[in-house]
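You will see subunit A twice below: alongside subunit B first, and alongside subunit C after that.
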Partner chain A sequence: MFRFFLRSLLLLVTALPWLAVAVLVNGTEVDNWIDFIFGWPRENGTEGGIFPFIVNSFAIVLPAIVLAVTIAVPSALLFQMTTARSVAMRSLIDLGASVPRLVWGVAGSLFFGSLLGLGISAATGILTLTCLLAPILASNFIDSLSVEREKYLPVGRALGLTEWQSWTCIILPVARPAMALAIQAGLAKALSDAAALYLTAGATLGILSSLDAPASTLAVQILMQLLEIGGGGKRAFAISVVLLALVILIQTPLILSRIDNRR
Partner chain B sequence: MSQLSISLRNYSLTADSTDILSDVSFELNGSGTVAILARSGTGKSTLVKSIARLLDDTTVWSEDGVLAVNGKPVSEWNRIALRRKAMYVPQKSVVFGRTVADNLILPQKLVHPERSDAELVARAHQAIEQTQLADEISDLDLPVSSVSAGGQQQRLALARAFVLDPDCLMLDEPTSALDALAITPLENCILEMARSKLIVIVTHDLILARKCDRVLFLHNKHDTGARLVADGTPEQVLFDPTLKEPFAFMHAR
Partner chain C sequence: MTRFPLNELKRWAGMALGAILPLAVAVVLASLVAETVATLERSDAMPSFFDRWLPSENRFGFLDLFISTGFAAVPGTMLAVIVGTLVAMAIFLEAGRREAIVAEISLYVWAGFPSVVVGILVLATMTPILGYSLATAILAIAVMVLPAYTLAVLSVFHQSDRAVCQAAIANGLTNWQLVRLVLWPGTWRHLAGLAMLTFGRAVGEATCVAIVSGGIVHTLPPGFFDTINTLSTAILRGFPVAGGAHEAAVYSASLLLLALVAASAVIGAYLRLGEIRKPLIARKNLSDPVHDSENEEA
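So, the complex of A and B:
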């Protein structure tokens, strides 16, 4: 068992750099990066740039993150503040966090798309992504708050603060950096989501014009290039490089803060 | 300044069916310093925590007898109001937030919203002086990371309680992390403060206990729960050979 685990780990460690190299080598065969990043797609998406997909990615992911944080912070606080700290509630949150994205996509397209009549649109994509992210963030926030709870809640109580004051004025500010990191990781995850958004926000070539119109993100475009457009492999790799660069850009403050903490 | 009375009559406390306190009775009134002495693990901290209703909520506690503050059983008090009147300062000092102001201004704003900004700052500086932190803390915006030594954090935690100005302060080992030079001025500050309020000090520090107005000595014989075996002035409690346990405690070194 241990050997199997060790071999798997070894394979993973050696395979990861090769995968990264494969994406970079295949993905950097772009004639003009400026045109590719800032240009509009042509010939049904087989030529031209990817600018609308970059805009769409942020236009869908950012509202979803804001909504998910708005749901996850009170949920995590409520969970921590209730004396029972119910096992059922925590299990439900963790279950929500581990539901595959494709399942969220199917559920989102059925509920928001069909039942609420939003159809395949940016709104359906945003709401589905919110449902996907909220439990992941809530689970992370609960863990971040748990760490600080043991240390700071007795202090707040001893000072005669109410539970609400202790949580919002002492514990939440202390836990904020860890929660910010969870949001950053969630942002990166949401940007690279293709399965749920393909089924809910759709796959078009244009820039997002309204919430009830479909809009394609970078990750969905990669999927489209591979599944729907013949010979789209090279373009998919190139979009992957852009997506990877964006994710690294988002993660940079996280990496820098870790380096800073080590000093 | 309103004054506070704490009254225990035949008070017993068990934690998960283990006897912690047994049949403890005493009255504390008005102002002055009261030291609670006992060997480690006897239940001194638990006693003061039970007064402020700060007992660990993961343990099943069972009480018997009367524990009242200002004549009203603590179980009938609003916990927040009680803790603001009888404030417990833990032995393990924990500072929070980013700056000294987060520790000395923010709690004041939350507990005393009626105070003006000028009063908040004036009280913070006064507490810094009282706790001998003026040399280390020149500015309220100083990061708490620059007050990192155990003794500094203990004094900052004391200052944080001082600014809230409760009627009674219950200090758990307030000098345990302090060096010899820092202890005497802080002791003097506590004694000065005791002119206007009740200060209960849980301690092993016999020098500090001898400076207090009154000493309560707890002893747990055969794990049947700690009982109050002596109550009086330091001379009455610590130097009377007929009081076996306090006398042995005093002359152990």
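So, the complex of A and C:
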């Protein structure tokens, strides 16, 4: 009986995400997907296409990922190379990784928007997203590096390399595939984020013109359709399909590699 | 002529760049604390823990938000933890190789669903039956946190010894005995730690809960079919429009949310300290000859 119950549960959980995708696709009322994806919004965002939101999503997320990686990789290296393995540093990174996106949104809006005077803008959104992503990436990088450290640091020493050379010439290149997967996961996470960007980058219908102007991403636009624009359910469904397709596309190599590792 | 120490320079530049991240986290979060204190002093209105959250009446107590958060996050997490643990057990104990791969791919896809998408799915499928309510919020939270928890539990199970589990089944242990005697003793601390981390995530979940919860508390404590307003939804809805005492209250709510999530993360990390123990039977009866011989040599 218990085995039957477990098997039923397994079947349900396996089918549920695909059923959800089917519900989402069936709920859309888009006649022409090409026009929808490459068109411009009309009637205050209640009709028309979503091209500006797709461009804005990548225009905000890609610089944020680049910045986050730029500061996360040296942090992970610094943590690995310091002999005492600073508890304070790891605690701050873990704290940063566990802070909810919404709180990052509030803190980013206060610090970058108000204190640094950037206001509600793409720049504030990018910097906040950087702060949100960097600790998550750094935490993953530290784990990836520590696996390789055990194997390759003695090799570097045997070859007469300094510790810095061992890290940059051997361990970092070896850990690169695992780090690339972490970056992919971060990219998907950033594209999915609505709470932090809603509070920092704001919401407009246009394409991003400058860094000091607000810009709406796909996820923020869905939230706007549901919370602020009345009767935006059907349109939110259609935007959700595009966002979900993008996220699944980005995560596919990550999923396949994890499954491959598990076998 | 001495050579320019380029490698040393790179090393120090790398170290300096590495210090940016912890500093940035500390500075940005400290600015939230400082601004909250400053706003509270400016508005001269300290939010009470025992007053209602009614912005229309200029009352900004946390009672509604705390009760709503607890009523939604605790059952949502419990539901996800129970179902997630059972699903992980099903994959680990029952599923064949192909079934396990398909189930894990589904869970990974599910875990990647953006919270707005989960929100809209729950809105489309559950609100016609349950309305904008506490029940819908509980389901939304459970749907949101379940796949990540299940995959984490599965990872813990995989780190325990599968061969011992199979040997236990071959020796006639029932599934319950297998769970009670083999899996549970070695992994319960890790599962409890994961549950705490999941609770932190459930408390911090804003967008999908905001879409289905209604955003206002009419009765306290809220009934199963009443609308609710959690800490995170109050911040999400209030922050863009808040001013004066409302602004101070929203900042304070953000700090409280941060404290709650950080506390659950710390407890979760404490519970997960130490390595996953091999099952009890493995240590007593089925010891590893390779490691045993190494130990004897040592």
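The working rule: the second predicted complex is superposed on the first by the 227 of 263 C-alpha atoms of A that agree within 3 Å, B and C clash if a C-alpha of one lies under 4 Å from a C-alpha of the other, contacts with A are read in each partner's own complex, and residues count from 1 in each chain.
Assume a residue touches a chain if its C-beta (ideal position, glycine included) is under 8 Å from a C-beta of that chain, and two chains touch if they have at least 3 such contacts.
Note that the structure is a prediction, hence the values are computed from the model and not measured.
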| item | value |
| --- | --- |
| First, second, both or neither for A:Val174, with subunit B first and subunit C second | first |
| Which of subunit B and subunit C A:Leu249 touches, first, second, both or neither | neither |
| Partner chain(s) touched by A:Gln165 [first = subunit B, second = subunit C, both, neither] | both |
| Touching partner for A:Ile93 - first (subunit B), second (subunit C), both, neither | second |
| First (subunit B), second (subunit C), both or neither touched by A:Ala188 | second |
| Partner chain(s) touched by A:Val66 [first = subunit B, second = subunit C, both, neither] | neither |
| Which of subunit B and subunit C A:Val147 touches, first, second, both or neither | neither |
| Winner by number of subunit A residues touched, once subunit B and subunit C are compared | C |
| Partner chain(s) touched by A:Ala107 [first = subunit B, second = subunit C, both, neither] | second |
| On subunit A, positions contacted by subunit B and by subunit C | 162, 165 |
| Complex contacts: residues of subunit C adjacent to subunit A | 7, 10-11, 14-15, 17-22, 24-29, 31-32, 35, 83, 86-87, 89-91, 93-95, 97, 99, 101-110, 112-117, 119-121, 123-125, 147, 150, 158, 175-176, 197, 200-201, 203-207, 210-211, 232, 235-237, 239-240, 250-251, 254, 257-258, 261-262, 265, 269 |
| Interface residues, subunit A side, partner subunit B - complex | 83, 151-152, 154-155, 157-162, 165, 169-170, 173-174 |
| Subunit A-touching residues of subunit B, taken from the complex the two chains share | 52, 54, 57, 80-81, 83-84, 87-90, 94, 96-98, 102, 106-107, 110-111, 160-161, 164, 166 |
| Contact footprint of subunit C on subunit A as seen in their complex | 2-3, 5-7, 9-10, 13-18, 20, 23-24, 27, 70-72, 74-79, 81, 88-89, 92-96, 98-111, 114-115, 131, 134-135, 138, 162, 164-165, 168, 188, 191-195, 198-199, 219, 222-223, 226-227, 233, 236-237, 240, 243-244, 247-248, 251, 254-255, 258-259, 262-263 |
